[in-house]
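Supplied in structure tokens, the structure appears directly below.
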Amino acid sequence: MFEKAYLCLLMASFLFALGFAVIFIRKSIIAILIGLELLLNAAAITFMTFNRYVVGKSDGQVFSLFIIMVAAAEAAVVLAIVIRLFQTKESIHVDEMSELKN
Amino acid sequence: MNAAVSSSVTSPSLHVLTPLIVFMVIAVLLFGGALLVAYLISPKAPSRQKSMIYECGEIPVGTAWSMFNVRFYVIGLVFIVFDVETALLIPVASVYRTLVAEGQGLYVFIILISFMAVIIEGLAYLWKKGDLDWVKSYKK
Amino acid sequence: MLPEIVLLFSAFMVFLGGILLISTKNLMHSCIFLLMCLFGVAGVYASLGAEFLAVTQIIVYIGGIVILMLFAVMLTGGKEFISRLHKVLNLAPLMGDKSTYMKGSIVGLIIFGGLSAFFYQLLKVLPLKEQQVSDYKIIGHSLLTDNLLAFELSSFLLLGALIGAAIIAKPEKVSESKPTDI
Amino acid sequence: MSANETVIDHLLQFEFFQKISTAIGSQIGVSHIWVWYMVALILVAAVITGILAAVGGFGTYAERKISADIQGRFGPNRVGPYGLFQVIADGLKMIGKEDISPNESDKFLFYLAPFLCIFGVVATFAVLPFSAGLTLSKTNVGIYYVVAISSLVGLGIFIAGYASNSKWSLLGGMRGASQIISYEIPVTLSIMSILLLSGGLSFEDILANQTAWPAGWYIFHNPFTFIGFFVYFVSVLAETNRAPFDLPEAESELVSGYHTEYTGMRYGLFALAEYMEVFVVCGLAATLFLGGYHVPFDIGKGTIFGDILQIGTFFAKTLGLYYVVIWVRWTFPRLRVDHLMSICWKYLTPIALFNLLGVSVWILFFDGKSILDLFLSAISSGPVGH
């Protein structure tokens, strides 16, 4: 049981680290959104694991459900922003989004 | 013997998950096998003309990976919100009938209505603003 | 035994998908590997006994978010964009340059190590017991009682996302010189 | 529980199986009960997949024959009696064709796309309720699983369109993806109106309150589910890219749509996936609205004979709907793409939402009774009340 729980949490930490790394490395806004989705998934897995092995019942599950919902709403808005940026600036490269700099 | 079989086989996750996994594996293996057979017996005579992209017999111009119209995209946005809405409504809908039988129907009904009214309002807004139209919103 | 197999297989998908996701240069392929990763996460949910959550994960992410991302990659030029940026801006492709890559990997490894060590210690302390995970009907009950406020507010969040996204993504008046149709 | 409840349990009774699996189990050191179960399951799963692939293959034959009938022609009649072996000839031809992939395509995605399509369809077979004994996975999220996993088909179509790097394919793929995801909403909403009545997502729950007679089917339960059936049916026609909604592969506009660049067996996988998906959605329609596998008077319940009757009932209903799907294809002209979207978002989705509200009001007022129940109780209590 310890191994199973630890494997799940290992996956969660892997996804979290991966999400961070993707946000660091990638320069496209869509790729950064991918990183954000990974972070949210890491959180959801953690909730679900503790729900299964520590708490029980439905609380963690409901949290994961709401995380999925928030991720979907966030993805919709971010991707709309991506389209808008592409229409105005012809690029989705983060290094070009520097109008507020200085 | 049978008792042992049925007792071990009826553990819930076993009955539930195994067929799903088996079918997924079979989907890949069976049709991958069909592709493999086709690969083994089919003739191989590649040529430049054959592996050219079909463009009605002309030599293809440019790439197809270019900008695409944003109309497809707004549809996708509306879809994803509705998708999540159904995902949230399904657990509530599945207990609706038992709660009605228990006499709490009106309470659940009001909750359902108020949840759906907000989403219907969003749909109505998009409708009025012409985001659901395929052509009109570009005429202006 | 079977939940373990499902869990191991899902873990394999998550790890492989994640590593491929970060190592490929093509954004389209990256989205596909994200799909693989998320399918693995759905498998994890299923093996933990939360079937409803697993299916919701599939329907929202794979049926919705990934398709939307692929649309967005398409809309912003797809592969052509990468090569054009390469030439015009003289920047490295969407991966960033080598030093960014190294920095990012190191940060990722540090976070991974830290988190996994933390969880290891945490699991040692916690009293672990295989709990009963409730099915979607109990989730429905809890959405109607304990989590009622979150349930109702989420409809407003979705409304905001819907209207906001539609307004933001809506194109301005199309000028005659720039056709948007293919 | 009785040992003879499912087909798997029936199979486990055979001596032959027990011997084989005990041998395998002792070889690899796993409990032999496990091996029995797995061997039986894999066998049944392979048979089901094979039969449904054959049904999908004969779908092409049926399509040609029925269209010929409608148009006053003969249709295929050269290979075998009534041209029945045309399917085998087509299959052999498809396997024997050269497999070409365009030079400038995205090879990885190009090879992946047909698999996504076929995967999304075949994985749904696991939960289809062929009979009481032959519902392989009794997952408690049955119908929701089908809706979720078949969204992979839309993804496969989009990726096929993108990866080919052909303009025709791209247009077909974009249309296909947006059409499929749009029409998923009316489908899910009309399924949800059934869910309100059944009180559970699993097929057992959905079938529990239905009977073999049409009066007990959900389609005749109340006026809203009657409308809901047609909303569902029109929407799944669009979701499986069937005419009159076959815009992703509209051959007069887009050459062949998203599979323009596919040849040989890869094309065959797309075609097979499409025909099998039509079967799956017809089966779902039969289960959700038309009483599913229920046999009158529960003849032979719990025995092999009863299971065979139930499978026969299920297939009869499903293939009847399959015929309607083909009939519709050769009757209606193709829609325009803007009409397609406005039908989805301006007609079907509001109607489905309205249905959902209507069904919930019906349950609230009439306590979930069907029209027939109300009618009968009115007749029986009427003279007493007055």
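Note that the chains are named A, B, C and D in the order they appear, and that numbering of residues resets to 1 at the start of each chain.
Everything below uses one rule, namely that a residue touches a chain if its C-beta (ideal position, glycine included) is under 8 Å from a C-beta of that chain, and two chains touch if they have at least 3 such contacts.
Note that the structure is predicted; figures quoted are calculated from it, not measured.
Counting only chains that touch, the fewest steps needed to get from subunit A to subunit D is 2.
Ranking A-B and B-D by contacting C-beta pairs places B-D first.
Here the chain at the heart of the structure, going by C-alpha means, is B. Across the assembly, the mean Cα position most removed from that of subunit B is the one of A. Centre-to-centre separation between subunit A and subunit B, using Cα means, comes to 21 Å.
Once the centre of each chain is set as its mean CA position, subunit B and subunit D turn out to be 14 Å apart.
Chain centres here are Cα means. That of subunit B falls 16 Å from that of subunit C. Averaging C-alpha coordinates per chain places the centre of subunit C 28 Å away from that of subunit D.
Taken residue by residue, subunit B touches two or more other chains at 14, 16-18, 63, 65, 68, 70, 72-73, 76-81, 83-84, 87-88, 90, 93-95, 116, whereas all remaining positions touch fewer.
The multi-chain contact residues of subunit A, meaning those touching 2 or more other chains, are 65, 68-69, 72-73, 75-76, 79-80, 83, 87.
Chain contacts: subunit D has residues 34, 139-140, 144-145, 162, 167, 170, 174, 177, 181, 184, 200-201 touching two or more partner chains. Taken as a graph of touching chains, this assembly has some other topology, since it is neither a line, a ring, a star nor fully connected. Across the assembly, chains come into contact as A-B, A-C, B-C, B-D, C-D. Against subunit C, in their complex, subunit A makes its touches with residues 1-2, 4-18, 20-22, 24-28, 30-31, 33-34, 37-38, 41, 44-45, 48-49, 51-59, 61-62, 64-66, 68-77, 79-84, 86-87, 91-93, 95-96. Residues 1, 3, 8-9, 12-13, 18, 31, 33-34, 36-38, 41-42, 45-46, 49-50, 53, 94-105, 114-115, 118-119, 121-123, 125-127, 136-140, 144-145, 162, 164-170, 174, 177-178, 181-182, 184-185, 188-189, 192, 195-201, 255, 260-261, 264-266, 268-269, 272, 337-338, 341-342, 345-346, 349-350, 353, 356-357, 360-361, 363-364, 367-368 of subunit D are the ones that touch subunit B when the two sit in their complex.
Of all the residues in subunit C, the ones that touch subunit D in their complex are 1, 26, 28-29, 32, 35, 51-52, 55-56, 58-59, 62-64, 66-67, 70-71, 74, 78-79, 135-137, 182. Of all the residues in subunit B, the ones that touch subunit C in their complex are 13-14, 16-18, 21, 63, 65-70, 72-74, 76-81, 83-85, 87-88, 90-95, 99, 108, 111, 114-116, 118-119, 121-122, 125-126, 129, 131, 137-138, 140. Those residues of subunit B that touch subunit D in the complex are listed here as 1-6, 8-10, 14-20, 22-24, 26-28, 30-32, 34-35, 37-39, 41-46, 48, 50-56, 60, 63-65, 68, 72, 75-76, 78-79, 82-83, 86, 89-90, 93-98, 100-101, 105-106, 109, 112-113, 116, 120, 123, 127, 132-135.
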